[in-house]
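Okay, so subunit A shows up in both of these, paired with subunit B first and subunit C after.
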Partner chain A sequence: MKIPPKEMFNAHLLFFVMHGAQIGVGVQGFQRIIYQDAHQDAWISVLLAGIATHIVTFFMIRTLEMYGSNDLYGIHQDIFGRWIGNVFNVIYVLYCFIAFFSVLRNYIEVIQAWIFPNIGEWFLASTLLLIIIYAFTAGLRVMVGVSFFSVILSLWLVLMLGFPLKFASVNNLLPILETDFRSILKGAHSMTFTIIGFEILMVIYPFVQDKKQVSKYAHLSLLATTTIYVAVMVVSLMYYSGGEIQRTVWATLTLFSFISFPFIERFEFIVVCFWMLIIIPNLCLYAWAAYRGTIRLINISSTKFIWLFALLIFLGTLVVQTRFQINGMDTKLSRAAFYIVFLYPILLWLIVIMRKKVMMKK
Partner chain B sequence: MIFKRLLDKQQSSPPMEAPPTNVEPIANTAQLFIQAIQAATHYPDDLIVKSLSPTLTLLYINHLVDNQTLNDHIIAPLQVNTTTTPEAVIDTLSVADIQHGSILAEAIDALVHGAALIHVAGYSKVIFASIITRETRALSTPENESQVIGTQVGFNESLATNISLIRRYIISPDLCHKKITIGRRTHTAVSLIYIHGIASEQMVNTVQQRLTDLRIDALIDSAVLAEMIDDNSLSVFPQMLLTERPDRFCDGLLDGKVGIVVDGSSMAVICPQSFSEFFQSQEDQNLRWPIATFVRLLRLAAFFLSVYLTPFYVAALTFHYEVIPQAFIVPLSESRALVPFPPIFEALLLEIIIELLREAGARLPTKIGQTIGIVGGIVIGTAAVQAGITSNILLIIIALSALASFTSPSYMMGNVVRLIRFPIILLAGYWGFYGIMLAFCFLLIHLLRQSSLGAPYLSPFYPPRFKDMRDSIIRMPIPLTAKRPTFTRPTDEYKFNPDEPIKPKKS
Partner chain C sequence: MAYRYHEKEGDDEKMKKWLWCMILLVLLLYGCAQTNILERIGLTTLIGYDVGKEKKMQTTAVIREVNPEFQSKVDVITTEDNTSKGNRMEVNRRVSKKVMIGQMRVILFGEALAEEGLHYYIDASLENASVNNGVYTAIVKDQVAPLLEYDYQNIEDIGQHIYRLLEQNIQQEYMISSMLHEVGRDYYAVGRDMAMPIIEKEEELIKLSGIALFKDGKMVSTLPPPDSFYVKVIRDTFKSGIYETTLQSEDLPSILQKKTDDTMTVAFDAIRSKRTMTLVDAKNPEFDLTIKLKARVLEVSPSFDQSHRKSVEALEKAIQHKLTKELARVIAHSQKVESDVFGFGEEYRSHVRHAELTKEKWHSLYKNMKVNIHVDFVILRNGVFE
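Entry: the complex of A and B
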């Protein structure tokens, strides 16, 4: 599939795309889950998960480079043939769909829990979906732009991490490496839900103008994400006591709640709403990734696709209602994502390498 | 999408009639020629027919031609030496713009464009001597874009005057000027101006294409033209700059932009224009750079303040009391204690009062307008607070955001700021900060979707171009801003060599 140069974007924007796709709803409350396994060494788990993303991305880029300008869906069709390849494509589209849904549903839950307990899910879902449709119908350039502004305009949130430091105690981090390595790894595994998003590279790669720069910016964006995650984790560990962190569902949001300025207090009200800007790139990019896969399967226009997609998501929000269901969904998605995002790209690289060797022999 | 389709349908539905190809020749007797002209112009009372000699007949439309020239350079010489051939007449007249033709339609066209027609009996040929004079006012200071430091001259309604003003600022053979006539009925002269060697040829072609493709009845003002030829006519945001300042216009041309001047309109159009440039004033170039930077940042802050301050008040008071600090909530609740309305109603009421005052002030004659503004503002403001229908604090906020909305150097953008506040207030009143954020995201995506002549509207922020940011919401010192903005795709990228000092070392 040839991509018109007008739709391509500069390699340095890939930084914002991948970074914007990674940071989303997970970071609002990942501390509790990691802490359960890794305790005060949770930050090491986060670091390990970050390193894992670098490794996986390295293999992803190696695979993609071998194909030049083809995305994951095209590679599937090439390796496994049209039919089996399409089965894999369907799985990946489904994965994107569920990831999209999970981000949306979690955000709706946060809004309901923190600000508007009485507002209907249908209202929040439909307004957010309309915004996504508006961005999606404008094409990839606008979606990349949204990711760019999302990252730039959210930078000030990182500075806000300085406020809790006043009440932080370094002693909470000690002793380092008390937890056994297995638990730390288990904690790293629990990071999956928070850290996924960078797999968008597999789909967006053909749209990057200067392919040589891809690996530089991809790794830079992963580095930025890991740094932020580790920083958030370290600050949370120092700020909360062990028991507290296990009882706080959205620890990151709670961190913001005591920040106050002369003209404003209870900062989390603003942050929770502002988070919309952070999840919009998530949603746009997952929808777009699903679209790229769908057009390989059936002939559908982008407008028709996004309305249908939004309708399905909307119906989904009406079905998945309780905290229990959402939690179950997140866990299942996280488990699936571990295989799809972390293990599969390495496997794919092996298959591609083997296939190349076999072809060479012939 | 639907709107676009509707628009396309509307534009394509009326079948455009081909321009009349009238090739009727001119009669060789004066009698028949006069009759034909009178019939074609529907017997106007200001059509003057004058017989100069038995063979020569002069026709012109009174008040459209310059009487002085007519008397001295046409009537006088022709009465002195009575010539009998068209060639001899042309030689006799001392008028610069003189042509001849043999088709009736041409003659009528020349007549309404301010030519005196001279018919020589026995020849089916007529001479057009263009001696047009159009009423025009003297040059004055730009009323809508006033500035303290800088030139104090604005465009007026005469195309010729405006072009001469532009040619005074840019004395160069590279200044290109193309004339296009628009309007089936009005035949308005429109000038396309750009600098060869700076402006991107593709952009010039695009503008020219859009201008020549226009199939409209009449064109009265350049604002209408700007709305018709921009990229998205349905958006509330203007995508082309309307300016009445020749210096601003020329500065745009020197940045590689394309300018359009419309006859009869005192505003010229400059395109492409990015969003951030609407918040720049020409005065910024004349001030020292730290001051210019400060003023630009102030305007940007004013934009956000103006759009989001009132909604923030409404949202905080309706849903999120928690965000208001304790020390502040006491005076706030005291001032609101008597107010019987919910914050959203209170805010909308005051916003509409401010808009009414503004509109009344704009429509009334200047002297009364000022009085109404002051009296209305003070009387209504004080009375509203004392009557207990609004709070003092909201009054301050509304006045502040109204004031902030007037800081935009472009009146068109100021209007946008005033308008988009209303839906955001409504969203804030119903869904609090969530509503405000929805509006913010929508606006962001909307701005990202826009383009100006195909150039990204949010340039230089997206796509990010760090060199261009030196002259965007900040202004760096002139030696550092050697590069022309990238989004105009200029042929010549640099204003001067950035590696060499632009001024010799001081001794």
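Entry: the complex of A and C
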């Protein structure tokens, strides 16, 4: 696959792309889900999940390097042939579609629960979708730029974790490793929904200019994400008591709920609104990944694709209305993502390796 | 080349059209959001809960209405219904403005209600996104409604008044802190119980009159206001507290007793304290409680020669002795009513592996817990005049 140089971007931007794609709606409320299994050792689960992303990314890059300049869709077609390969591609496109939808719907739920309970989903969905369409039609380089600004402009949020420390108690983290290892692993498994996003590498790889640098920046971005997640988890564990964290739906947002400044009474409202900036790269990149897959299947222009995509998503938001439905969707997506994002790339690497060996023998 | 240039121009044009469309859309959609104009809403600054006479709960809301022409007005409205939302509707039926709770600063609970249990109210407040987790909570001696409804001579806005009263006392560390977050955290912690300040009406004033101790969200006992120092010193740390005490003659070392004078009163400020709890025996819970205090002498009566090292040391000793005695008394009292407001249980839970502690289990252990108190009191300096 030939990519014109003007559509490519520098390797160091990959840091922002992957980091931006990873951090999204999950981090707003992942604490209670992990706490259910791992209790006060939840931060170890987060750490383990972070390490898992490093391992998976290592294999992803290995696979991609063997093909030089091809993406996941191309690899599928090459390994399994046109027909079966396209079946896999359809699955991946569907996965991107659902992941996009889930991010959007979860964010809308947060806005409705925190700030505007009376605004309809259709309104918030259409506004957000218009922004995504706007970014999407401008091309990949703009979306990469959006990721860059999203990460840079939300860096200050990390500093805000200092406020809750006023109420922190280290005792809440003790005793360390009281939970058995299986439960900690189970907690790490529950991190899937929060930590996915880095699989975008499989699609975006051909567009990176300096392929030798990919591994460095990819792992750096994973490291940054894991550090932030562990920090958020540790602060939450110290701030809340056990029973409270299990009942707090968006523990990260509630962390900021007591902060008020003379000029702004409710700081977390700012955070909720600001979060839009954080999810835009999520949405852009998932839409783009779905587009890259779709053009392998049918001949469609990018503008036509994104409008159709947005329309389907919009119709989806009209169907999924209740918290119950949203949570159900998240769990299902998380379960699927565990196989698609964590297990499959390793399997794919094995297949590619074996295929290469067979070809060599021939 | 020329053709290409033209094409680019067209792209720009297209972009511009897009941008205009977006701006127009944003403007149009802006109207969809519900607006809350200050002049048209009533800001609930304080809410008080009591046990209802006929229905489940009685709420008293202090509502501030901002009028552009006149001075703002404060309404106190008492209603009765089964839920707090139902009560809000009842309130709305009585005022001309939309009642909002985003500016709420204080939640008060009547004594009878607190004895019944506050679980429901804490949950409801935590669940509501419009309630800031930084609001203060307090208990009102007897009932909330009469305290709020009384027409005080010198208090214009009762909501603001109670908020400031609590805020300044908590921030100056005269009173234990009881933000909604802290109360919720303690309620849901296994080895900790809630504690809240108590306020009461005293003729034309409202004053802090003690601390309420809770067990499982139910108020079980109270402590007088001077004891808030002891509770706070065990619960957490001081950065700049004040402490005043009277040393009885039997506690006083001979070096400080000029005559057979009976008592000595001393006051300290700028107190910095640090407490460490260590579990020494897990089977029959036994703790070492070490409290280190550093302070400045402010008032001593009768005065003594503070330039002598020996006499200052003797005073330090006497204070240590006194503090140990008082702390033991406060802990013993809380043990008797099974209310662990200090968080000994958290220490136990965090240091005993697989304790599988529950609130119930801890309360039974807590009753017979032993605490060895060590106080280390250091006088840093005195004032500018000896």
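We take it that the second predicted complex is superposed on the first by the 362 of 362 C-alpha atoms of A that agree within 3 Å, B and C clash if a C-alpha of one lies under 4 Å from a C-alpha of the other, contacts with A are read in each partner's own complex, and residues count from 1 in each chain.
As a convention for this text, a contact is a pair of C-beta atoms (placed from the backbone, for glycine too) under 8 Å apart; a residue touches a chain by one contact, two chains touch by 3 or more.
None of these values were measured; they are calculated from a predicted model.
Q: What is the contact status of A:A113 with respect to subunit B (first) and subunit C (second): first, second, both, or neither?
A: A:A113 contacts subunit C only, not subunit B.
Q: Between subunit B and subunit C, whom does A:F263 touch in the aligned arrangement: first, second, both, or neither?
A: In the superposition, A:F263 contacts subunit B only.
Q: Considering only touches as defined above, state whether A:T303 meets subunit B (first), subunit C (second), both or neither.
A: Touch status of A:T303: first partner only.
Q: Contacts for A:N171 in the overlay, against subunit B (first) and subunit C (second): which applies, first, second, both or neither?
A: So A:N171 only meets subunit C here.
Q: Taking the superposition as given, does A:P5 touch the first partner, subunit B, the second, subunit C, both, or neither?
A: neither
Q: For A:Y240, using the defined touch cut-off, is the partner it touches subunit B, subunit C, both, or neither? Pick first, second, both or neither.
A: A:Y240 contacts subunit C only, not subunit B.
Q: Where does A:G68 make contact in the superposed view: on subunit B (first), on subunit C (second), on both, or on neither?
A: In the superposed model, A:G68 contacts neither subunit B nor subunit C.
Q: Is A:T127 in contact with subunit B, with subunit C, with both, or with neither (first, second, both, neither)?
A: Once the two structures are laid over each other on A, A:T127 reaches both partners.
Q: Which residues form the common part of the subunit A surface touched by subunit B and by subunit C?
A: 115-116, 119, 127, 134, 260, 265-266
Q: Which of the residues in subunit C come into contact with subunit A in the complex?
A: 18, 22, 25-26, 29, 32-34, 102-103, 126, 129, 132-134, 179-182, 184-190, 192, 343, 346-347, 349-354
Q: Which of the residues in subunit A come into contact with subunit C in the complex?
A: Listed in rising order, the residues of subunit A that touch subunit C are 113-116, 118-120, 123, 126-127, 130, 134, 167, 169, 171-175, 178, 239-244, 247-248, 254, 257-260, 265-266.
Q: Going by the contact rule set out above, which residues of subunit A touch subunit B in the complex?
A: The touching residues are 9-10, 12-13, 111, 115-116, 119, 124, 127, 131, 134-135, 137-138, 142, 145-146, 148-149, 260-267, 269-270, 272-274, 276-277, 280, 303.
Q: Given the complex with subunit A, which residues does subunit B contribute to the contact?
A: Against subunit A, the touching part of subunit B is residues 1, 319-320, 322-326, 328, 431-434, 436-438, 440-442, 444-446, 448-449, 458, 461-464.
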